[in-house]
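A, B, C, D, E and F label the chains in the order they appear, each numbered from 1.
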Amino acid sequence: MSEQIKNFLYLNRRAPYGTIYAWESLEVVLIGAAFDQKVSLAFLDDGVFQIVKGQDTSGVEMKNFSPTYSALGDYDVNQLYVEQESLEERGLTIDDLMHLTWEDEDEDWAEKDSIRVVSRAELASIIEQQDIVFSF
Amino acid sequence: MSEQIKNFLYLNRRAPYGTIYAWESLEVVLIGAAFDQKVSLAFLDDGVFQIVKGQDTSGVEMKNFSPTYSALGDYDVNQLYVEQESLEERGLTIDDLMHLTWEDEDEDWAEKDSIRVVSRAELASIIEQQDIVFSF
Amino acid sequence: MSELHTVNKSPFEKSSFNSCMEHVLEGSAVLLYEDGVYAAIKGTAAEGKVKSAQGVKFYALGPDLSARGVAVERVTDGVEIVDYAGFVDLAAEHDKVVAWV
Amino acid sequence: MSELHTVNKSPFEKSSFNSCMEHVLEGSAVLLYEDGVYAAIKGTAAEGKVKSAQGVKFYALGPDLSARGVAVERVTDGVEIVDYAGFVDLAAEHDKVVAWV
Amino acid sequence: MKFAIQVNEGPYQHQAADSAYLFTRAALEKGHEIFRVFFYHDGVGNGTRLTTPPQDDRHIVNRWADLAEKHGLDLVLCVAAAQRRGLVDDGEAERNGKDATNIHPKFRISGLGQLIEAAVQSDRLVVFGD
Amino acid sequence: MKFAIQVNEGPYQHQAADSAYLFTRAALEKGHEIFRVFFYHDGVGNGTRLTTPPQDDRHIVNRWADLAEKHGLDLVLCVAAAQRRGLVDDGEAERNGKDATNIHPKFRISGLGQLIEAAVQSDRLVVFGD
């Protein structure tokens, strides 16, 4: 089993800043990108708040780690699933999220969207297809 | 203000064992009993699970601290408010709770119930009457 | 006595906001901070609870709203935005603080 | 692939049980442990969700039920009680474990 | 006005430690008195001198210590919580046969009575937790 | 079967540390292999040798250490999490200029890659958290 490429899913269900989980999940994703596994990220429940644009942490004197999400494309992490129902319950739309992209080497470095909004039912299927699910 | 007797309320809203808060709240109550303040405890939300009878922690290898609630009466801690709605939502009645009592010195050590089941509205008023509310 | 209730958890993740709302009395105030500020967003189930609370003043901590990218125009009408100094003032002005941690 | 979902938080306190139930597929299993065992009590809102989940097997960790004074007869019908060895077996028998922490 | 502050969570994991600090600092800036900051449960982790956060992150322990230095704050770790989590001063090390200490010199370890006393002696108790 | 275990919370505050231990022990008793136990976030608190819990309570750190002694378990604390929370071994003490260490000798400090590797190399990852 150790030689095969596995499907890794990072299940992000928490808001940023209130707890450190969101940030540390991102740290694992970045480290994990070096391991040549097939990686995707799911944002559901309060996890959708992690990638809301316009975060400014100067007033709480914490580090704003949200710009790091923009770097994920450079690490070939470009499968970000965001749950539609979770957005709606929180009064959000995709326009409230950061515009995260990656450049497709196979198509002359065309810029493509990393985020795909999926339904709850689709996300359930995506979870099912994984080999490993990280929860924080 | 330092000389007056204050009304202390311990707001217990968490289940036991999953986290240490319930146990440590009890520790503060016991220590606080030496301070001659007017003390009461409120059990609401998952806090009502703290005083459910028949707790047996041998399988989880944790200390069963529930017998300590029975000692509260000896420390003159005998105002335990349990929220009716919280019990109902959890499928519980007062019969599922430990029978906690105290002996009234003024009435020839008559045994009296420490627990009083109150409505949510009553509990809101009880909270309002306090000087200090401890939350864990 | 007048009470300042504080809520620091997301209403979508934990029940503490709802529990607070069920115990808050007229004449009291509720301060939303940390992940609790998500209860101050328009267009959510929490908005309804905030709007229907009779005679209760609502505050949200500005630095926590900003950290989470919640713009002022998304904050439910009637919720006043304060900073930490304002949080201190609220704690001082009310007779006690009740934390719904 | 077959999944073992684990829930360790009270359904009354946190949204993780509900979120798990909204993502569990037929043929999967759900293990309730720690404060998650409160989702296995009869006569609660959680009971309805457990009973209406089609083709999903439910388990509850016995040592956690006992610690919390939840007698076997209060456990929702169809929920199987396991010990830690049973938890290990479930993790081994399913293709992966999804923790709704 | 006199405030007592209770901190239930450790540094970095939960924002509680940050909020407690920023509230305390703001109260001092407004001229209020902080009778005591009591660190309970995982909150005792705020008082170790062994932390090394990333350079671009805040140093939560030193921040408390600097505030204590400036305003003479009384920073108290609950002894029972400290014992369970391995926060040790000289006295604890000797009593429990430990070969090292890790408490920051601006903090002290004491009993739960210090929390009750703070609540009795202060005008307001403000609790920060998870 | 090969298991990787991830522990996100410290000892005593949350049951996660207990559940992870009891799961790990049960897996070993059933003849499974534990590839690694990775302590992340506050979970690093499981690895301090300075704890002194009450005599009638379980000793969570020693319990892990005894299991490691018996089964050769690999108990790893995440280095970044350890630095933020003041968990220090000899190397960290030297690198960061600390005058004491507090890690238990049955634990070691290493990077996040150890978690990824454990997930890749094991048949199952089981996460215990808050």
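Structure notes:
Everything that follows uses one rule, which is that a residue touches a chain if its C-beta (ideal position, glycine included) is under 8 Å from a C-beta of that chain, and two chains touch if they have at least 3 such contacts.
Owing to the predicted nature of the structure, the values given are computational and were not obtained by experimental measurement.
Each step here moves to a touching chain, and the least such steps from subunit C to subunit F number 2. Averaging Cα atoms per chain gives one point for each, and the point farthest from that of subunit E is the centre of D.
Inter-chain spacing, taken between the CA centroids of subunit C and subunit D, is 33 Å. Mean C-alpha positions place subunit B and subunit C at a centre distance of 27 Å. The distance from the centre of subunit A to the centre of subunit B, each centre being the mean of the chain's C-alpha atoms, comes to 43 Å. For subunit D, residues touching at least two other chains, in rising order: 8, 12-13, 15, 34-35, 63, 83, 96-97, 99, 101.
Contact with two or more other chains is made by residues 17-20, 45, 60, 62, 132-133, 135-136 of subunit B. In subunit E, 8, 12-13, 15, 22, 41, 54, 57, 80, 123, 125, 127, 129-130 are the positions where the chain touches two or more neighbouring chains simultaneously.
Of all possible chain pairs, those that touch are A-C, A-D, A-E, A-F, B-C, B-D, B-E, B-F, C-D, C-E, D-F, E-F. Across the complex, subunit A meets subunit E through its residues 17-20, 60-63.
Residues of subunit E touching subunit C in their complex: 1, 3, 8, 15-16, 19, 22-23, 25-27, 29-30, 32, 123-130. Subunit C meets subunit E in the complex at residues 6, 8, 33-35, 63, 83-85, 87-89, 91-92, 96-97, 99, 101.
Across the complex, subunit A is touched by residues 6, 8, 40-41, 80-81, 111-113, 115-117, 119-121, 123, 125, 127, 129 of subunit F.
Subunit B meets subunit E in the complex at residues 1-2, 6, 8, 20-21, 24, 27-28, 31-32, 34-35, 37, 132-136.
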